């Protein structure tokens, strides 16, 4: 065989965990976490590829068991904290594991309000928005990432798109009256790469800043709003130094009413998923000397 | 050809519409409706099947246009009202159309709160829960249906399942401590079959009754909770006489921790989508004489 | 409570089974079945709804076990045959079960050809097309249904749509050069309602007739092609008396090239999923006296 | 604002194109391409982020138009060739564009065989397998990638997994009789980074090598089979120097029949999608001196 391995990794994906944490005198106040965990291990596993020698292979089934066992044995209050626990476990337990990447997507549960009181253990769920965390440990060090994926927002005013490149391929007219709909993906790096202490406060501050800026910013381009949102997130918490934003432009296409004897007033739109614009930007904090 | 047509119908599916309804002095308070509309027409269309004679066929493309045109020309404040407008249009406009069924799924938009104030035209979205409406007009009459589909709820206490059939095929133990997670599909018939006046008040009353009962009812079976929820919905509004409920049992399977030297305390579960239980029931109002 | 139950049913959905059937001297020739099974039971279960009394409830977990146990203990060579085995089991085993509906979707595996030889136990899969079977047993009798769902086909010539209703809502031009793309759903009833003997031969004959007719028929309307396909299926096998066809019109919309100085020649299209036309028809065999 | 942009890009995603290429005397032999195109542009777009100045922004709507216009004006016989045309266009046409990444996923159409003859313009489709191509042009140069994603395969013999790490977290037994099911994702780099000439011959050679090796290799680990498949692909064509393979282990979990008085013979399995193993490897050609 004239081939060799340039890189390899393996792990377990979509390990889905529900953890109930009871508290209170009657143990009937419950916090409930629903996580989907993806694990990827790096290290000295080449023999399993070249020779089918599994002596250093931690079975992905064992990795799955580890998720549930550590969920039982550990205390955590954020996906970031649990990602850190898991990544440290794999790197710390197995000599042959040189690196571990743990991704967690958390399904959000909102406590049901019954007659003005939060219910102790009943929730609604089913949002497209997931909370995200990633802990990546390699020989170069550890990094911890928090995030939000799939946060759907829409504004029906306060969005324009004008004065863009005019050439053969352009048919879109300038518009000052359009719908701006997107699904926000935001991922941020913690300044303190191996601590999850500020995970929840950072998440709440970033989410609030993103949504408020989306609502209030008069948008001349999705790009501009993205930049303002990123800046507002960095201002909202000192715990993060960088935020990566991806915001598809989920078009609401004006339906042309003129063939039917009606006037187009930017009130009737075709809702579309595809094609979609895709706008990406990474916003970082300026250092004082810059 | 020794074949003939026993039944036929045709229409347009997944016509997606966004309608903005401005109000206020500055016209900057917006109500925004996002509907996915499915149309099915019944009538004298056999010649298109047997001979490719399309002279009576209202093109599905024309049906799609109709959705946008009527959305522009009509006022409505619920999917039920728009379904009624569309179904009446098709039956009333074309002699060859003997019946029409219009289904609408509404994506829900929640007004963003900025510093304690509802924003005039910015929203979050992305819930699995959709509002549903159906207007069905046939030679037998008209019926109007309201509904909720995909409303995810979960409770981590207050749910038992015991004393069910014990036989060769049973391996599940009795349990008084389980998670009850489901996605509520509820559809209700309006007593007044051709009016959408009470659509919004009914929807709100039914939704509130379903969620509250789910949270508070001590469940001996998903079946029992479904029945209580249906009864509470009928009590909550006189406008409906029947409610059909479908509630999958989305299992959270206890992960067995004993091989790892840990105790099972009903706190660590495997989150699953499949297989799922499926519990259905139609609850109707008892007539006084029954 | 002023409510009562109009109807109820319950069961288990998405029970996914892989069965390997070895044969040959070395037992290394394998037939592999991959089924997703949905079970719904009807009967005397009202007490579980009204009182949480589960004494007559066969747990959906037990139903799931039954699928795997009967898959082991039974011989079958079609989803129809296994659906019949399961439905008969539930109705025959439990006095309180008055009816059972078993739906099966089979994922298709195609034996890999290696150097011109079919491999004994290696397959490709992943088609959108599933084979379908349903056995429905009620107090009124038993019916057995075979089917195909999700069979994607496309033809880039031989399809026209002209001379349809011209009115205010029409903007679509007549066309004699369009792409006809659809996903065929076909379900057929066996004349002999409680036998699966002809399931495989019928499936093969119907599928062949549908695909051939789709390819060869010059289409004046999706409706017309549907009718021809249904008729061809009935001609292809005496074992069935009725076929229900649903064929969405998955539009390929001509992209208008004229703004770019190019001619529209019906060669460049926008591929769409939605909105889609939806054409339905049930074709039955004419009785001799008709 | 104490923020600045670390990186940015934007483009259009999911531009779906169907192109018909007629040939033959009667122009009735059709080749049909169905592509989903994703475009991402890099360059001097910061002003749109910081100031909402769109003067250098090529609207994503214009990018979409470009896909259809170039599809009309260009000849190509592979997704690689069209990706190259598009990426070169954006970099070559706009001074402010310093880099372009074009991804294409091709839906596969298989010509229908009617009575032993390939039909000139009728096809089946709907496979999970897509053909993939990517052209990435940056200031560092151009790279062209071919690929296959979502190719489902399953073998019900010839797969073992034994002698892996034994520790507290392991519960899985050694097995020499398991089902090996996966969805192959393979992406390969062309040695000649700016030519698509060998795209089709390479694709065919790689696909054949992957499938044959999957079927024939006795697997001691998914890792080992992946390595053999990658090596076979490199042997099959000189046009590529590297292949990246990702193969989830889509578990078929033995259903334990012993509670029901039956023997486990590795014939009855629970089909699962999640959790899944995830095995990755990049295989490169050894240089002669290594």
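For clarity, chains are labelled A, B, C and D in written order, and residue numbers in each chain start from 1.
Here is the rule we use: a contact is a pair of C-beta atoms (placed from the backbone, for glycine too) under 8 Å apart; a residue touches a chain by one contact, two chains touch by 3 or more.
Here the structure is a predicted model, which means the values were calculated and not measured.
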Taking each chain's C-alpha mean as its centre, the one farthest from chain A: C
A-D or A-C - the one linked by more C-beta pairs in contact: A-D
Mean-CA-position distance for chain C and chain A (Å): 38
Whole-Å separation of chain centres (CA-atom averages), chain A against chain B: 29
Inter-chain centre distance, chain A versus chain D - centres from mean C-alpha coordinates, in Å: 24
Where chain B touches two or more other chains, by residue: 16, 65, 69, 168-169, 171, 260
List of chain C residues in touch with chain D within their complex: 16-22, 28, 30, 32, 34, 36, 65, 68-69, 71-73, 109, 112, 114-115, 119-129, 150-158, 179, 181, 183, 211-212, 214-216, 252, 255, 257, 260, 262, 266-272
In the complex with chain C, residue positions of chain B that touch it: 1-16, 38, 40, 45, 48-66, 69, 94, 161-165, 167-172, 219-224, 226-227, 230-231, 234-235, 242, 248-249, 273-286, 290
For the chain A and chain C complex, residues of the former touching the latter: 168-169, 171, 259-261
